[in-house]
C-alpha cells in the first residue's frame, strides 16, 4: 500500500488498518508488561530494556515496510521484533533462554534475530548497527534490488562516531537506508541537552546531505505516513532518508535503573500523549472501535501472551553439548 | 660422599681407584661407593692432583662428607677442591689442610650460596687470587656434572626426562644434568639407564643364586620335554662368509662405533629371511597340530653371566633393516642380562637361533624349544681352508646347523632352508 | 695419560661390561674375549666405552690390538700420542 | 612457473576471485585510482570499474561494518584496511559484529567476509603503522585468522577465504610485498593447517608471516652448527592447527616460538601453553619464545631492528634449549 493508496482507502479498510496498528501497539505493551512480571519472578534475566511509551514508532514504521525490506535494530527491540512479525512465542522463548527462542537462547532480550523476516538483530553496541545497515543497503544497491534497509537507533547513537561515518557513507553512495532515530530524550540517564550541543537531530543529519525530517513519534499514524513516504523515496533510488521520531519511554532505561534523573511529572506529562490512548480516542471518535471490540482485542492479546509464556515455560533448553555451535559455520559450502 | 639418590643418607666407600699424588681429570672415576641399591662409581668434578684421601675403604659416611682433597694444578696451596657432593649450602668450607678462604665480593658470595658452590673450591683469577663472578660461573658449569641433591630436594629435570626416568626406573637424583641450565634431559636419563644396566651386577644382587637355580630347573624340564616329545633331525652346512665379512667391514667404516654391526646381526637376518623359503620351520606344535606363524619372531639364545640361558624374541626380524636389528639385538642382550625382559619377548619366538659360535665352538646341534619346531645354530666364524675354483684358499667360514621337528618337516625342507641361508649370506648388501 | 691410567681406564670398561669377572685375576696378556667370555656384542660395548672415554676412533681393523690389556694399553697410548 | 612478488600474488588472487564470482568486490581506502596504500590493487579499477573497486572515506568502522552488512546481504566483500593499527578504528565492527552474529543469531546469519590488512614492522614506519596485533584477533572466537608467509599462500589463500562462510582476516606482512618466489599456477591452498617448511629433528621453530623467514634463516645457521631444526609455519592463527604443532614437538622435544607480536598475553604465549598442556611429558626443555621487545616500535632503524626478532636471537634461543648456550 502506497501513501496515495492509503489516503484513498475506503473507510472500512481504514478502520481495519487502524485496528491493526492498535493491535500491534497493544501487543507490544502487554507483552512488555508481562515481561516485567516475569523478570521479577526471575524467569527472565540479564538486561531488559522496555519500549513502553514508544510503541507507535515500531507499529507505525513496520506497517510502512515490505517483507523484502531489512531491519537492523537495537537492544530495545521487542517492539520492533513483534511489529515486524517475529512470532511472540519465539521472542518470549528467547527471553527465557530456551532452544525454541528466535536466537536459540544465545541472544536474549537484547539480541533477537530472525532470518525469515530479515530482522538483523538487536545490536547492543550503541551505533553498532548502523554500519551493518549501510552494508546491507550496499548489497541491495549492487544487486539492483528495490529494497529498503530500515535502521533503528536512539538519540544516544548520534553521539557515536559510527553514526557520522555511516550517514556520510550512505549519502555519498546514495544507499537505500532508512535511518530511524528514536529520540526518547535520554541516553540511559543523560538528557539529550546534556550530551549534544545541537539537539535538533534531523538538522544534523541533513548536514550530511540526507533528506531528514522530524516526526511526532507518539502518533502512530504520523509515524506510518512519514515512514511510508520516506521508504518510497529511498526505494525509488534517491538515497538515504533520516527520520527523527520524537518519542518517550515511560519506564526506566533497564530493570536496573532507579530512574533518578527525571521528574515523575515529566513522565506523567508524556503519558498525556500516550500513543495507544490517542489512537483509541480517535477510533472511538470515528466509530471505528467500541468497548466490545476493545475487550475482545485485550482478551485475544492476553491469550497470545499466555500461550507464549506457557510455550516458553515448557520449551527445552539448548543442550549444553551444543554450546559451541554457531561460532563457525557448520558447512564450508556457503553459497546461499 | 655424593648423594646418589633422593633417599640416600649415607654410603660406604668400597674402593679407591686413585692414590694420593695421582693426577685426575674432571670426569675420571675415582672411587666406588656402595649405596643401599648398588655399587656406584664416583666421578671427580675437578682436574688436579689427589692430595689426600680422607675416608678409608669400608667406612660408612653421611652424604656430604668430604672424601678426598684435590689440589688444582696452578697453586695447590690456594686452590683446593673437595671430591664430594658438597655439604649443606653455606656450610663453611673447612676441610683439613685448607688455607684461608679467598676474599670475594658480596655478590660472588651470594651467588655461590645460591648455587651451592663451595667458594674454597673455586680457582680465583681475579686480583690476588680473588674469586670473580666469571670464576664462579665456570665452576657452576662444572658442579652439576653430578648434582649434589640434598635429601628430598627437587631435581631439575625436563618433563620428558621425568617420564623416561619413570619408564626406565631411573632415580633422577643420581643423574647428572647436561640440558639447558644443567637440567637433566632425556639424553642424560637414557645414558644413566644404560650405565645402570652395565653396573647392575656389581651390586651383587642377593637373589642371583636363587634365580640361577630356578632357571636351571626350568631349562631342565623344557629340554627334557623337547627330547622326549620331538623327533629331532639335524643338518649342517658350511658357508663361505668372505663376501659378508668384506661388506661388513666396509659398512662399519661408515658407521659410528655405537652403530656398528657385528657378524651375528648378518647371520640372524639371514636366518629370519630364509624362513620365507621354508615357512613350515616357523611356528608351533600344539596338541600334535602344527600352526604356521605368519610373522618371524626370531628367538635369540642369550647366555647369562651367572649361568643359565634365555631366548627372547626379536619381533618381525625378517622385516627389520640390519641397523634396526642390530640395535634391537644390543638392547635385548642388555635387558636380558639386566633381567628386564618384557613378557611378550619371552613367549613370542617362532623359531630360535643359537649363536654359540661366539664362544668359539665350531658347530651346534641344538635342542628345539617346544612348542617351536626348529632351532638354527651358528658356529664360530673362523678362517679355514676352502676350495675355490679348484684351488685351496683360506676363507672365513661358518658352520650353520638346523635341528628340526620331523613331525612337521623332512630333511629336504631343512636342506632348502640351509641353502637359502647360504645364498643370502653371499649377497650381504641385500640383507 | 700415563700407562697405568690407561690400564685403569680399560679395566673400568671391562668391569662395566663383564661385572662378574674377576679382573684382579686377569693377566695383562690374557686374551680378553676368552678369559672374560665376551661375545661380539660385549666386545663392541667395550670398544664403544674406550672410544668414548679416550676420544679416539677405533676401527674394526684395530680390534686385534685390543686382544689383551697390554696390547690395548699400547694401542690406545699410541693413539693418544698421535693426537 | 613464473617468478611473482607477494604483492602481485595477492593482486592476482583478487583479480581471479572477482572474475570467478561477481558477488566479490574490493572496498577500502584508496584502493581505486591510487592502487592501494601498498600498491596491491593497482590496475584493478581499470578492469572492474568503481562499483567493484570501491574507494571509501576514512571511516574504518563504517566501511568494515558495511562489509559485514554486504556479506549478510549476499555479497562476498573483500575489505582492505591499510594497517592493523588502523583496524582498531573498526574493532567494534570486527569483534562485536563479524565475530558474533552467527552465534548470537543462533546460526541464522553467517558473515562471509574477508578483511585484508597489513601487519608488521621493519620499514621504519614507527609506532602507529608497525605493530603486529594479529594475535589479538586470534583471541576472538568466530574469526578465522590467516597469515600468508609465502607467495604461494598469498596467491592461494584468498579464494578459499572467500568461499568460507565465516569472517576471515588475512594479515599481509608488510615486509614481504616485494618478496618474490616461484608460483606454480594459482592453486588454492588449504586454510586450516600449519605447514612444516623445513623438516628437522632437534628442535621445532614455530613462526608465521614475517617470522617464517627469520626462522628459516636461523635454521640454516643452526645447521652449520650441526643442529637440525624443524621449522613450522603456522599459516592459520585461528583456529590453530594443534595437531601439526604437537606432532612436530613430540618428535623434536623442544620448541622455540618466533612471533613479532609482544610476548605478554600473546599468540606465542598461547602456543606455548598448548604445547605444555598437551605435550608436557614430551618436552626436554622449557618452551622458548623470541618476540618483539616490549616497546612501541621505534622509528630509527637500529632501534627498530633491535626491537624485532632476529635470526641471531632465534639461534641463541635454540642453543639454550639444547643446553648449548655459551655461559
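Here the chain labels run A, B, C and D in written order, and each chain numbers its own residues starting at 1.
Note that in this section contacts are C-beta pairs under 8 Å (C-beta built on N, C-alpha and C of every residue); 3 or more make two chains touch, one makes a residue touch a chain.
The structure presented is a predicted model; accordingly, all values stated were derived computationally and were not measured.
Student: Of the chains shown, whose Cα centre falls closest to the middle of all protein Cα atoms?
Tutor: Located nearest the centre of all protein C-alpha atoms is chain D.
Student: Most contacts: which chain pair?
Tutor: Chains joined by the most C-beta contact pairs: A-D.
Student: Whole-Å distance, chain A centre to chain B centre, using C-alpha means?
Tutor: Each chain's C-alpha centroid was found; their separation is 82 Å.
Student: Which whole number of Å gives the spacing of the CA centres of chain B and chain C?
Tutor: 16
Student: In whole angstrom, how far does the Cα centroid of chain C sit from the Cα centroid of chain D?
Tutor: Chain C and chain D have C-alpha centres separated by 59 Å.
Student: As a quick test, compute the distance in whole Å between the mean CA positions of chain A and chain C.
Tutor: 94
Student: Answer with line, ring, star, complete or other to describe the graph linking chains that touch.
Tutor: line
Student: Applying that definition of touch, give me each pair of chains that meets it.
Tutor: A-D, B-C, B-D
Student: What residues on chain A touch chain D, complex-wise?
Tutor: Counting only chain A, the residues touching chain D are 70, 72, 101-107, 111, 113-115, 120-121, 123, 125, 128, 130-140, 142-143, 149, 161-162, 165-166, 168-169, 172, 325-335.
Student: Touching chain B in the complex: which residues of chain D?
Tutor: Residue list for chain D touching chain B: 253, 280-286, 320-323, 325, 327.
Student: Going by the contact rule set out above, which residues of chain B touch chain D in the complex?
Tutor: 137, 141, 158-163, 178-183, 185-187
Student: Spell out the residues on chain C that touch chain B in their complex, using ranges where they run on.
Tutor: By the definition above, chain C touches chain B via 8, 12, 15-20, 34, 37, 39-41, 44-45, 47-48, 51-52, 57-61.
Student: With touch defined as at the start, can you tell me which chain B residues reach chain C in the complex?
Tutor: That would be residues 17, 29, 41, 195, 198-202, 249, 252-253, 257-258, 260, 262-264, 305-306, 329-330, 333, 355, 358-360 of chain B.
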